[in-house]
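I'd like to ask some things about the structure below.
Should a chain be cited, it is by its letter among A, B, C and D, assigned in written order, with residues numbered from 1 in that chain.
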Amino acid sequence: MRIHLTESKKTHEFDIVRTSHVEYLVSDLEKSRKFYVETLGMIETENTKNRIYLRGVEDRFHHCLILTRASKPAVAHISFRVRSDLDLDDIAKLFEKIELPYTWIEPEAKESGLGRAIRAQDPLGFPVEFFADIEESEWLWQNFDRHTGAKVMRIDHVNMLVPDVDSASEWYVSRLGFTCTEYTETAGPNPRLWATWLRRKPTVHDVALMSGVGPRLHHTGLLVGDRHNIMDAADILASRGYLKSMERGPGRHGISNAFFLYLRDPDGHRIELYTGDYLSADPGWKPIRWKLNDPQRQTFWGAPAPDSWFNDASEVRSVFSGEKVKTSNPLLTQKK
Amino acid sequence: MRIHLTESKKTHEFDIVRTSHVEYLVSDLEKSRKFYVETLGMIETENTKNRIYLRGVEDRFHHCLILTRASKPAVAHISFRVRSDLDLDDIAKLFEKIELPYTWIEPEAKESGLGRAIRAQDPLGFPVEFFADIEESEWLWQNFDRHTGAKVMRIDHVNMLVPDVDSASEWYVSRLGFTCTEYTETAGPNPRLWATWLRRKPTVHDVALMSGVGPRLHHTGLLVGDRHNIMDAADILASRGYLKSMERGPGRHGISNAFFLYLRDPDGHRIELYTGDYLSADPGWKPIRWKLNDPQRQTFWGAPAPDSWFNDASEVRSVFSGEKVKTSNPLLTQKK
Amino acid sequence: MRIHLTESKKTHEFDIVRTSHVEYLVSDLEKSRKFYVETLGMIETENTKNRIYLRGVEDRFHHCLILTRASKPAVAHISFRVRSDLDLDDIAKLFEKIELPYTWIEPEAKESGLGRAIRAQDPLGFPVEFFADIEESEWLWQNFDRHTGAKVMRIDHVNMLVPDVDSASEWYVSRLGFTCTEYTETAGPNPRLWATWLRRKPTVHDVALMSGVGPRLHHTGLLVGDRHNIMDAADILASRGYLKSMERGPGRHGISNAFFLYLRDPDGHRIELYTGDYLSADPGWKPIRWKLNDPQRQTFWGAPAPDSWFNDASEVRSVFSGEKVKTSNPLLTQKK
Amino acid sequence: MRIHLTESKKTHEFDIVRTSHVEYLVSDLEKSRKFYVETLGMIETENTKNRIYLRGVEDRFHHCLILTRASKPAVAHISFRVRSDLDLDDIAKLFEKIELPYTWIEPEAKESGLGRAIRAQDPLGFPVEFFADIEESEWLWQNFDRHTGAKVMRIDHVNMLVPDVDSASEWYVSRLGFTCTEYTETAGPNPRLWATWLRRKPTVHDVALMSGVGPRLHHTGLLVGDRHNIMDAADILASRGYLKSMERGPGRHGISNAFFLYLRDPDGHRIELYTGDYLSADPGWKPIRWKLNDPQRQTFWGAPAPDSWFNDASEVRSVFSGEKVKTSNPLLTQKK
């Protein structure tokens, strides 16, 4: 039985505000800094021997992206901000209820700037974190002379590959209180979900779930102000020799209406420069339905995506062992 | 004693989603149609003998602006959308508690497309409406060939002139559950609020309150996608002879960071074409404080606003008698 | 022996001002009108039973594109504007000198709006026209409310496929007085020209010559004001179902720096929406040299072009017989 | 008798290519560098103890603006590039014929990078220079990562205040071979020229002449790529505290169609950031006529210019004595 994708009517025990940050394991901090700071224009809030904390020009808080030195690229964790500390206790209760382990981050293990935080491996296999408080940082929103490169504003969303979009969506909608704004389903009498766009903040999404070998992180979506920023980013990336980093775009998705440019960072982690969002705050928002075979779903303008965009993604780690999480093949037959 | 501007911690009895629409009384529907539909590119959802219902290209619902034929220009009502019908009953209770009259809109008096709705004259003197349900309309978001003129996306906010910003803000924050994102206060040991930017949806604002002769509506803010749309709008308005309609801008406000163009419609109602918003969803958002004498507060680029921008505003009507609501002078000495 | 690509020092007997218009033979005028007028926003100056005359919003003259009904798509002629009628006589002398036939267009055969004109099949096999005078048309440059679609400003250039770029360039540079701004040549001790960008007006080009099966017209370049117009055009084309019309881009060329979107019109004629030009007026302009194997030459951002972009082009007709001009294979081995 | 403003038919003895650079005397090189290089993003080609040579991102040559340390701000010279060295001799002959002194710049007095050059005080009183050759510099056109601030491309034009626009225009049109693209004239039976837009390169202008106390230089027009660059420049200037530097705009002129932002540099010299040009190459270009009382002439969008824009301008120096050139009042009564 398919999950009910319309907005959850019941009041949730906890209030997730939005997708807040991602921690990427990278092999060479300097190469990553050149890419994210010098080229894309992200702001370096703090760096330690093994970490760089980055934020965008709209961010008032310590970081929306963490780069951590490691021997092999992967995603260490994906973090969601909740309304208050009380919400954290309720989230702990949820994990107890579903009998999945979780851990309160010890002060010495904590990332810089963060308040009380809980980590767990969610039922989909992703390493997730929840927190309410994070240190403020200087707001550079009106320091336009410091907006450079792609002028990245903030993180917008994460896009995850999962073998079973139906059950993964149920986790996010029924358990975590997300709302579905758009979705793709297969044809036929018993349609299955191919992909869902799920949000807490009233935009298109905080989390997208796509059918694929998973759990893997397909990309992190970084918001930019308008299409000019994306054109400028492409020109700047090309000027600096990042030709192979530009995997797809600029272009527009039909689903989500995103105007995008997909990049691969020096470790292959995929970044979407993203603009063209809408407000989905209204009650009674009926999820937009897309057919899997609609040519304008993936690319509104019609140009095909390269194979790598469909096949490659970042592996994710266990929050407990630090080991790679094993992946499964998708339930649905893959196709472009 | 000043109101506490930081986010209300207590759970509200009701959930206002956002500012939803405004009803302007206009003297000549055809002139208004030429301005709003043919020039600014708003979509005409429906028209009757005495009314035009308009929406933007992002709107999935029946209207975000109503133009009603009348002998004299004024604001008939300002409408807020709430989460569900149950919220309406709680709002009715609030008006009972503060002993202000309200009315359930009778089916035959209702505007087109709207569900159950309550109207009242709020403690500030404004004619306000609350509703949860409204008829869906065709979503033209990806019908780019139908986006013309300023390509108005949707209503963003209303800006109200009130004689006492402190008490008006208390109404919105403490009673209606709004959050303050930015504010201006006077200098000295006992600062008074000069203006507040208050939001329900997590953007800069749904309602701005400014010190002035009130209650009057200073302007309705209509969202556009980016700065190009505003430049194009100015060019198109000029091509069609609307020279005097362009009152101020294009420019940027320091407060709110809005990139703006202020227009006066054929009846003098002020419209702000608005872009450059930010996300204010994070808990712990500390309101941005502006000093009244900061030259970049009003105009980030430094150019002064014309006198009319400070002096003119739309009068508001009683929801009961339809008469003009009497105005009072502001508590604080006016200055540019 | 290679031609000398630097600016011709000798004074020419005649002065070609710029590429002025192209006549496309099309199979269905209504389909073409939908594409060029309703979607791309070109202005229809005049139409007759078998022809539509189009201009851009910057054009002060009668047309920059002619669509003529015919049983089979092709290019009927490519037209260059000269300084004055005296130049036409000198061009006639040139064709006499090289012993190629030419014809003065008879008044009854003339296209609408055009003054005295000469036509010939040039040594490359293309049907070319020269004229000095053309009827003025209403300048819509500041009628911004009439700028729609891609807001095409004017014709910028033509791009021709020729089997021998060296000799074709010699015709344009030595005989017609064009200046080379950029070129691609093969590697090795005896480099051959792969492509040249040649101009009369001091921009990047009026004519580009590329190695390929020719004579064929690869595309007509139409100028737009900035990158936003190209993004808007893509969105509008997609909204109207012209998915297959968008062949390549948006993107940027290394050579010429063009920001482009390549379209195929309903008959397969290729149009480049083009912006990002530079001024090449300065004496001493040394042609920019590109190596054939430079990945950023064709696509500054690195994404490959589809095969059709390399293979397809419009056939050209004889100005005398109206028959298709036979093509030859290129001297150089083709490759992407 | 009024000059004939249409394009000169006779072949000129010399060929001026375009307005090439301006030398501003400035009081503090460091302040000027902060403004032009760090904020507007101009490229510093070379600096000496007393001079900074600047170019734009489109420039392939040594400079389009020279800043020279001096005790008092002024314009030292305005420079035009000619086709070849032979043209310089013909220009010398012209000054001999009209019995005005001129000088060949001695190698030791020459500005850096420049070839053979002639200087004179023209009949309007302006210090002018002519040259054909100038050293090449690295072309940064596709080094997009080095395009910052306003991303100034190159110089476009100079705008001069003269007491008698009729006679000044005659000098430029009849003697120097400029073509008039647009002009303003007074009303009445004997119209006088109020302002003229004159060009050599086929754009809107190389030189504009406006009625006023002169000879004085009203502004130097620097080209930028599109409207976004001007918006970004305003934001960046504001971020760096250059509030008072933004004198007028952003806005659009009716005459010339320029999308503009007028700046005052640290010495009060006026700079126009300029975009929105058109091609005026076609023969038979009839100058666009504007009435002095057309409200859209000065400001297409209707907002008035500040008084300083009408009153202030840079004084000019004698090329021989270095003294300030005395000014005269305009023949026509001044008005906004």
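Criterion: a residue touches a chain if its C-beta (ideal position, glycine included) is under 8 Å from a C-beta of that chain, and two chains touch if they have at least 3 such contacts.
Remember, it's a predicted structure, so these values are computed and weren't measured experimentally.
Engineer: For chain C, which other chain has the most distant CA centre?
Structural biologist: Following the centroid criterion, the farthest chain would be B.
Engineer: Which of the two pairs, B-D or C-D, is linked by more C-beta contacts?
Structural biologist: Between C-D and B-D, contacts are more numerous in C-D.
Engineer: How many Å are there between the centre of chain A and the centre of chain D, using C-alpha atoms for each centre?
Structural biologist: Averaging C-alpha atoms per chain gives centres 51 Å apart.
Engineer: Chain B to chain D: how many Å between their CA centres?
Structural biologist: So the centre of chain B lies 45 Å away from the centre of chain D.
Engineer: I'd like the Å distance between the centres of chain C and chain D, where a centre is the mean of that chain's Cα atoms.
Structural biologist: Going by mean C-alpha positions, chain C sits 33 Å from chain D.
Engineer: Quick check: what residues of chain D touch more than one other chain, meaning two or more?
Structural biologist: As it turns out, chain D has residues touching two or more other chains at 142, 227-228, 235, 238, 300.
Engineer: State the interface residues of chain D toward chain C in the complex, per the touch definition above.
Structural biologist: The touching residues are 17-18, 58, 60-61, 81-84, 132-133, 136, 139, 141-142, 153-154, 201-203, 225-228, 254, 257, 276, 278-279, 281-286, 288, 300.
Engineer: Give the list of chain B residues in touch with chain C in this complex.
Structural biologist: 39, 142-146, 148, 228, 232, 235-236, 238-240
Engineer: Can you list the chain D residues touching chain B in their complex?
Structural biologist: 227-228, 231, 234-235, 237-238, 243-244, 246, 250-252, 259, 295-296, 300-303
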